[in-house]
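Which chain is which? They are A, B, C and D, in the order written, and residues in each are numbered from 1.
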């Protein structure tokens, strides 16, 4: 894989980390519902995995591909949930987009030779 | 400071980390209220600071005392919030106790010569 | 999977996290060699993955199995490296044992129905 | 404090996190010396604190100022060490600059009303 690809994936992870932190906080600040609770939970997991994933790539770790797989899964679950609320919550829409982008990027990274 | 003291503080941080993760999940699973949202937020922060604090002590870091101060503050805020719900939510009661213990331990560690 | 199994796996992750932090510090404190550098690198990665893995299990996350797979891989690589130094460095011996235990525990967790 | 200031501080933390990860890896890859070992240790601590600090600010945490103080201290220690090697190791020079920038940014954040 090229340095450019790795740098893009790091950037996608950091962007997704940020949107997940922002989305979780917004979900916790607004009117709470069972649906929003699931959103907070998934944002929390997704943020943690984006974070470790970005750091493993920054340091050129030999286990970044396995971490990318886990991160992609977390991103997909979080995107799915956030997309349910995208019509009425702009933070969920933005978060879902960042999750989709990061999931694709991490899946590609996990499969790179 | 003695090895025994450091080990105790690491243990208190890991115990508090765990109770905060459990409490945040429980708060997100039950009926959501504005009060519980604040609890989730403070549990997240507290868990993150207990985690980094324990790891810095495990590795004998030269900045563990500054981290202990930040951790103690997070523990105190989280304990204060959880104590409001201790009568009706047993996870908040357990979490508040772990936070108080960890706060005291981290304050002592931060002031050790 | 049973609560007992999850608790055991959390405990194995925390034990492995600690031994990796201790081993990395010891490797950095003693006489440095190219071989020890690889040990430090793998201990860092392994510690980070044990940490996130333990926390995802504590909070009952829906992506803990994917994280367990990544963690198991990191543990196996770290154990392999530490085993090369087990004869002359007791911290590597202890770390390798904790890594083998955690790898087995995380592989089982990843495959649990 | 303004949103602009917080965003700048988050950016400084993420930049410093990245340079610390890169510098630690480079120090571990080149010829190892006792001096480089200290560099790896301080980069590791600094990266961890920049990471948690950035995330607390992203989520609008009420304990970010205490974390910023701990982060500033870690950045200053890491900068001091990296500056010793700046003449012959370009990664240490780049890392020291990112640490100085992040330290200043975090100190300002810690004191903001």
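Keep in mind that, in the parts below, a residue touches a chain if its C-beta (ideal position, glycine included) is under 8 Å from a C-beta of that chain, and two chains touch if they have at least 3 such contacts.
Everything numeric here is computed off the predicted structure, so don't read it as measured data.
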item	value
Contact-pair overlap exceeding half with A-D, pair selected from B-C, A-C or C-D	B-C
Of B-D and A-B, pair with higher C-beta contact tally	B-D
For chain B paired with chain D, centre-to-centre distance based on mean C-alpha positions, whole Å	24
Numbers and ranges of chain C residues touching at least 2 other chains	24-25, 41, 44, 55, 59
In the complex, chain C residues that touch chain D	24-25, 28-29, 32-34, 36-37, 40-41, 44
Chain D-touching residues of chain A, taken from the complex the two chains share	10, 14, 17-18, 21-22, 24-25, 47, 51, 55, 58-60
In the complex, chain B residues that touch chain D	41-42, 44-45, 48-49, 52, 55-56, 59, 61-63, 66-67, 69-70, 73-74, 77
